[in-house]
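So that you can tell them apart, the chains are marked A, B, C, D and E in the order they are listed, and the count of residues begins at 1 in each.
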């Protein structure tokens, strides 16, 4: 729209003026992306004379904050619904929206667990599974995918009494690591740094909606051009390799 | 509308405040009156939950009370599992409310006239009776403040509770946890309703205490 | 290791406690000494942030200070954007710390001997001087308690801060927010380090206050 | 000149007062609980009679008819309360200086205080806190704190009751001298009949019925102490 | 019989005491600040001398040599402090009953208190709080609170100083009578020489050097009051 192009122009002039001082780009992203984005940032900053200012939080909080005028330039969500909501409210540049990344849903068990799982259906019946931790499905994307998987496996009703709903993935992992629950559903990328938990099973992608980390340029932001550029960079082959290092994967087309 | 979270919250808060009242007052008396090694360390430990974000406090509680935690193991031995029960919610409330009760009582104890305690002793009262009939009644403004702070803090406790008690409707879902549940599923009306109940309970408490205080004000 | 969160947290807490000290003490004096319509309602409002889970308090602050909020709009008019600045973190800390300061001072005010204020007046002291030289000095145990509680609570404030100030390293990332940030990306060592700093600061505070208190204890 | 005329209902009786105090010492006599301290508090402005008039040197301090209530801080009346009411957090020096610290130039401050402390024989206690004083010492601090302000009227509620006989005699002399020097009314409560004689004081006598306690001015001249029942 | 012999360093001087009190009334005389209240506190167990011996009816209450310090609650000593120290949150009745509520059968409780309140002429104040009393009324509550426990020794720190002459006379009679009836030692501080005569009291006199205040027992017989310097 007209206003968008105006803002673009402002962004460009500001960029042109400040040859020495790097231009700040506000990147608001799901907390689980912190390590990898921090790793990727310097490459982009050097090339574009930019400074990436991150705000990591839960996707839901970030959505509310953007709705209240938070100064984000680029939003990377861990789930679809948040960005859908912002799209409906016309707060993001829908044209820029991409499904940046994907992940694997895995079942984590304590490091010393002897549990072996060969099919997700088993967890409703095998011994020793008295408690199962998943993220609160309506809030935590990994929880939503976990629910879909359990429903698909037709054991949602059977396991429901055993469920413990956590505030975020970190909490699910805490429960697993301390042995409070026999198993928990988390992302593969979350397991990269966990010492006291291990992956017992990878849930096939067919059991749930495609796991996506959608990203989009925020209309309210000031650096539309740089934000779009950053998004391009994050989609690049070079970036993807780093994402893979941290346990993420490309979205299956 | 499901009333379970309300009853649960009230039950949890009342029990938590009951325990915290006794423990907090006791600690305040001991730490304020007796000088011993490690006194300040105990005080710092009591104050710790105030500085720790509730989730962190909850994490430590999980490590302590969990299956493999030192206390959890002991309780497990007796067949008690605390984590994910409403007792866990109560313990979380207690831990976060304790520093407030402690500070409330402590500051009032400091203004009690020691002469009055002395005279009570010459009238034959032992330490326990002096405490019960002189020291604590004269500290009532601080005790009331402590209880008000502890109760409201308890009632609003969320982070640590969610960590150790989980979010199990009808079992461990207190009002604040229900707020979170409603809000995260986008049911803002439900969340708002729960917040209003919180506000109502806290207002009633403040009103009741204020009316009660006015009855006693300045008779001494 | 990045020290920015530490300086930020300390700056935020000191400013917040400074403001809360004045506002909380003022409110306590006014509400405890003067009887007027709506007194109890103001008190209940002051206490509200204690019962609201911090995230909810943060949500309300966001609505108030945000782009479309009544206060946010006003500030916007003057070209000030508070949200997502460290001022927002300071405001969040102030709101959650205020009830603690208020209650601390209030309970001590209740034990001040009104006779002493009266005698000060016969010596020519006006209300302001009586407050400054008699009432407040005699309430110091509660003021100290209030400051300790307000400071530690401020320092540990997380939920509301994250909501209104976000988690922007070097700008709004306080210690507790950094803990969250580390923990949620699985860096438990980093989180543990930040928690230790929190604990260290809070311990130092308790130790310092305790030593200072001992110097003054019972000269009256 | 002080004129006090009021009537007020206390818990168990009605307290009536009708006294005039010239620039002399006036002693209020009356049994325990008869209302002496209450009268002093009302003159000082720390309590309000239900109706009546209090007038000092022509200035109305209280008048129920004209709805005048001058606040205590504007009355310029020195008051020694019966229970001393020393400020527990201030040293003896600061207690005594409280009423003059803003009115006197800082250079004279210390010396004025020390001089007053010497008058009441407690200069050596200047850095003590009230909790560290004996009963008689505390009483003298309260006396010094009121005297030092050189008020327009001095109210003394049993100001020498806790002192030994020798000291009492000395301080009676001092009070007598100060009154002569300042030429203002002193209103003094005492239970010691001989004090009236020594201070050459006039006295207000109590007429006490069951329901009404009435203080009226009886003599301004030297009272005939020897006629008093002892 | 009470024997008090100790030496202790106070802020400005050394306080020495060497007195014996038979089952009579013993009066402690001495100027303000000489250490009278301190002695009573040490006998009551509220303060500790640095060394010495306190013995009541053959029982050692304090002995620095034997490291004995009986706690105040086990001394069975009645104490009327100089500043009354009434419990501000209890009514007059509850203040007075504090020392006997656990020792007496509930049926007698009220009547005993009322009887004691009548002895000190304040029965009509039984439901008041201390803040609602006049100075002399408060003093009598403190007196009643100590008397009612019927202790083995009674310590009275200027117990009648705030009372008017008539009332003082009456209560002196009462104290005199109670002492005769109970036959225990009373140790009394007063600044009123005539009190010694009226109570037929022995007295301990102060020898006061600059550095040392020494209280010694002087006479157990009826003192010659007329020889006292007034």
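Here is the rule we use: contacts are C-beta pairs under 8 Å (C-beta built on N, C-alpha and C of every residue); 3 or more make two chains touch, one makes a residue touch a chain.
Computed from a predicted structure; not experimentally measured.
Considering every other chain in turn, the ones in contact with both chain A and chain D prove to be C.
At the interface between chain D and chain E, two copies of one sequence, more than half of the residue numbers in use are shared by both copies.
When chain B is fitted to chain C on its Cα atoms, the angle of the rotation, on a 0 to 180 scale and to the nearest 5, is 180 degrees.
Each chain's centre was taken as the mean of its CA atoms, and the one lying most distant from chain D is A. Across the assembly, the chain pair joined by the most C-beta contact pairs is B-C.
Chain geometry summary: the mean Cα position of chain B and that of chain E are 45 Å apart. Between the Cα centres of chain C and chain E there is a gap of 50 Å. Spacing of chain D relative to chain E, judged by their CA centroids, is 29 angstrom. Counting partner chains per residue, chain B shows two or more touched chains at residues 55, 138, 180, 218. The residues of chain D that reach two or more other chains are 83, listed in rising order. Touching of two or more other chains is recorded for no residue of chain A.
Here, these are the chain pairs in contact: A-B, A-C, B-C, B-E, C-D, D-E.
Taken in their complex, chain C has these residues touching chain A: 59, 62-63, 66-69, 72, 81, 83-84, 162-163, 166-169, 171-172, 180-181, 183-188. If you check the complex, the residues on chain A that touch chain C are 26, 28, 31-35, 53-57, 61, 64-65, 68-71, 168-170, 173, 190, 192-194.
Chain B makes touch with chain C in their complex at residues 40, 43-44, 47-48, 50-56, 99-100, 103-104, 106-108, 110-111, 114, 138, 141-142, 144-146, 148-149, 152-153, 155-159, 176, 179-180, 183, 195, 198-199, 201-203, 206-207, 210, 217-218.
On the chain E side of its complex with chain B, the touching residues are 44-46, 71-73, 75-79, 81, 83, 85, 87-89, 98-99, 102-103, 129-131, 145-146, 149. Of all the residues in chain A, the ones that touch chain B in their complex are 60, 131, 136, 138-139, 164-167, 171, 174-175, 178-180.
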